[in-house]
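The structure is given below, and queries will be raised subsequently.
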């Protein structure tokens, strides 16, 4: 990561949890976390913990019927006490919050981005990402974990002869990571404390080939420059590469 | 359990999982399962797994203001793939299902039944019971686990000087267990397979003193007699005693 | 009722309305209360008044199609000024309250408990219980009244050749009554004033054969003992027997 | 009714229920129908039966605070089997239907039209009109019945010293009736059978002074002429006069 | 307009915008306001501006299938800042307000009143009336504008061979106008300022033949007499005649 | 635009509407489009037409009280026939769609990104962006138009002494534009036809200083490379610069 070193120069940055600016939090991926789903993964990125399940259904929604194509969709939700203050359930409020909607849609797009819908055939995969504990980066952890659950569901579908080759359905792997600018310094993988004071905050989903699936950068506190963007993208590329190594390692086990 | 033996006589009953008719499934209670809540418990009863969190708030709902009394309330929910078929989220359907409502209210009543509202003072405890995996008895496991989370939240409140003595707030412990009649035989702690074919199905919440807090028996397939009821209550008493031993053991650890 | 006398010994209990502890409020069942429904009953238990209608439909909900089985379901609601304080309509609040849901489900289970779904065939009966005036025991009055409306609807269906024999569809009669412990004394059929101060409150639905369909006991204020439970069940048995006599008398008229 | 005779000339019109074209259905007004509300009226117009309750609250909605003025509002609803086909409850559908909304608003306007809001002071009256049985004219019966319930609630408020003089609050009486053109013939007070085949259908609310509060005419099948309108208004004037006689008679009793 | 002059006698009435009591605000009808809809009209009545679109669908709702008849329906809505104070969106509040419902239904009935459903065949037309700016008379402007959009949609359908003759589907034209009594004086076409202080307010939809489709008069502040009604209807007849001239002129252009 | 020329080399790209790949559609900004709002703008980008209003309220939402800071929020919606197929209203479906939520939030963030909340003081600005006609780029047109409405509302607030200096509240201007890769070619400002077949689609909001406020890139059909991203950002920078010229021109008029 030449660029990052250059940018920071000799300045010595201490993050509150002792990590370097380009260092991920510890990642742990547990497959077969629960028994019922076709894919069930617990992903832990530092203190953030998301349960990702994949449900395989041998049919598609009505609007997709007779297209020969499959469908992948996602729903994201947070348990009420995933956060330090309790948040009311969407079901109690009677409507899904805008943030929930937005994240669900993001996860769905990321996973659809690496699926060959024709190879999937008229089958549907529903990804449920439920945050048990939230410490920043819940949406990116969801993408990274959901990919593993998706692969498990496709392997299950192959075994049960719903699809021919799971491998042909998956065009590449996908992971996501957050990056941001805190106190003027671009950083990788922000926990809540850093995220809440970031000037800019960006979520980047990338394929194994290093290409982008989703890129969402927001500057509520201070606009960011093209140079800052470049550094953030370098950090994200590094982080995603490491997350994909963790995904491969988890999927290699049995 | 003299009565049960008597009733069954010499008949040899094999349950599909090898248990005796008056035997609980293995119980495991993990405290401090997540970090944010004042009380956070994972309870596992066989394959049923429920995450119970307790949120302490130093105030009460508006209708309870200036009463000098506290309040305890509960919400129950199931993750979409807790079950073998995926169920739609209440939030997506835009309304809380009747079953969810009913169970939330049951859990709330059970916990309120052992709390001294005066000693609690104008503080509120919200219990959230989220089923990660469902294999029968999710509502009773919720009660049993929520009690432990509630105690932890009260201990936290004592430490943080919101209440004086946690012990004075809790009048007794409470646990709950399901019993039912399967193929004519009364049984303790039904997993889904037995529950779905039970003629009668009963949930019994009891205090440490062996008294009843809640009793809900339903006969969709065949009415039950007073004698059968007596046997079911004996089984429930035995099961609850054992669950309370597990609660105490968990709370003794640090 | 030997047991009750025994328990109370020589103590002289005066209920505020002059009834004995094991005495029902006056019951009045008016059939054909309105013209449109296949079954239409006004049941009055003391000041509690519930209008119960039964709607017969010669088809079943989609999930029940091609099962050869019928379906019975119930909805309970209270008019806004059934109570001394006006309560907002569920329709205005945009969602059905938890209590309403819970009671609707209870009534449905009670009635399903005495119906032979095979004999009913692929027909549905919807029971609507609308409380015109509430003075305690509205859910139990609903069960008792709905049974009569159900029989009328089945007789109508027999006359109109939708089913062969109404009598074969109904396996037994069902009624329900509330019992509770007020000031330490178990009592039958609690009006609102007693109900609101009861330590324990139980609803018991029984068949004509004296068996249980539903049993729901709750102790918000003080747990109840096994002995108290036994007394309550004796009271409930007595009350249900008398309610069933009233049902039979109403159904004998033409 | 000179005009009506003139218009019909010698033509002999037989209505299916034997009434003359300018004849009301039998009206019956029962006060104190239930005990809890400040005003409680059952009004029967032929087979149409509406329960009208009036709730007096010694305060006004927030937007009306400190205006020195009172408020009157109304809610209309139909029980599911008021009609020959069961209609789903608004609460189950999760939203109030357009027709329900429209009628609730109409009733509210009619009653507000005869109330002196200043004399009422900062008090609110909520009228609930629940249709037990529907055979045409449910909204007009609601207006006519709600007026009587309103008077009772105001008398109650006078007795309980919430207002000084009930009589000063009520500027005039109000009643409503439906008229319509069936097969080319203008008629008074249409039951469902006539209403459903009417070319034009009009609801007319009038004061005791014979002036209009609300006039709603609709021609779904055939536009109506100015002459027809005049005849309809004559019929409505006659009907409302008779309904007001019935109101006065009911209110004279004690 | 003999009657109006007579009634006002020599009194000289100045309306705040300089109009005479029987004078319409300037009307402007712009066809083809947007490109996508089959009919798209912007109608301006003074400062009131409503965008009316007509959507032609070659099928009918399920309940209308196989009837051989078409269907016409309407939806009315106001943009949040059509008014001087911002009003919350119905979508944000999660439910359609009563006023919105009432007006949508009114518009639908008016348009259905001039359509030959048989000639339309099993086709549906949905009218959307969205108020861009509100200065009184939005519902009547919606009716007047929707008629023009409807005609355009039918002409489109004729061109695209969905229907044979647009002219046979339309039995007559329809327009609507508001009238009201302000300070004791009957007036035509009330802007918001007059409307908000009107004692009586009436909306009148009439056909080209001068007959009534809808008549809705409301007296929140003071009942109105039969004589006043007659004057109001004269004013409405004059106004509608002029609006229909504007409709014809707009439809004559190409 | 050196980079773009370079990338495309000699290849001659014809867009279906004759534009060059780095050419915006014609932009037209009409201020004071309606009278009631403090800011009211019609923005037209090609066939896309969005009405943007800004509502100034001299107070903030409750959660923002006593912070000394202002608030800016936005709501986006589409009229039913903005599109070639009619879409149901959110209000009719009873819930706001995910896409609507997502876009509303995006617009809000963009505008907040250039506001000095301290200088705004405890005042709120609500932006309503209603799409009258949709031909791609509705969310970016909304941002660009909402900025102009926002400035007008702040000028109004300055004139009416709610704020001191409108210019101090606005830190910079903001506009947004869409870019995408169609058939392998990066292009600026995609209309619906191009957008629907784009491999990658990106929305870029930038300040007058050329910095980023929001960056949202999505690759549903094919991931995009870092090089492609760079070209897209160049195109977006060019487009935004031109849009800001149009904003300035509109705001210079009076």
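When the chains are written out, they are named A, B, C, D, E and F in that same order, and each has its own residue count from 1.
Here is the rule we go by: a contact is a pair of C-beta atoms (placed from the backbone, for glycine too) under 8 Å apart; a residue touches a chain by one contact, two chains touch by 3 or more.
As the structure is a computational prediction, the values presented were derived from the model and not from experiment.
Undergrad: Angle of the rotation mapping chain A onto its copy chain C, from a C-alpha fit, rounded to a multiple of 5 degrees, please.
TA: 120
Undergrad: Indicate the whole-number Å distance between the mean C-alpha point of chain E and the mean C-alpha point of chain F.
TA: Each chain reduced to its C-alpha mean, chain E and chain F end up 34 Å apart.
Undergrad: Could you state the distance in Å from the CA-based centre of chain B to that of chain E?
TA: Here the centre of chain E sits 60 Å away from the centre of chain B.
Undergrad: As a quick test, compute the distance in whole Å between the mean CA positions of chain A and chain F.
TA: 27
Undergrad: Mind checking the centre-to-centre distance between chain A and chain E? Centres are C-alpha means, answer in whole Å.
TA: 52
Undergrad: If a residue has to touch 2 or more other chains to count, which residues of chain A qualify?
TA: Residues 94-96 of chain A touch two or more partner chains.
Undergrad: Select the category (line, ring, star, complete, other) that matches the graph of chains linked by touching.
TA: Graph shape, chains as nodes and touching pairs as edges: a ring.
Undergrad: Chain sequence round the ring, chain B first and chain C second?
TA: B, C, D, E, F, A
Undergrad: Under the stated contact criterion, what part of chain F meets chain A in this complex?
TA: 95-99, 101-102, 104-105, 109, 112-113, 172, 202, 206-207, 209-220, 223-226, 229, 233
Undergrad: Touching chain B in the complex: which residues of chain A?
TA: Going by the criterion above, the answer is residues 34-37, 40, 47, 49, 51, 53, 55, 57, 75, 77, 79-84, 86, 89-92, 94-96, 100, 126, 128, 130, 132-134.
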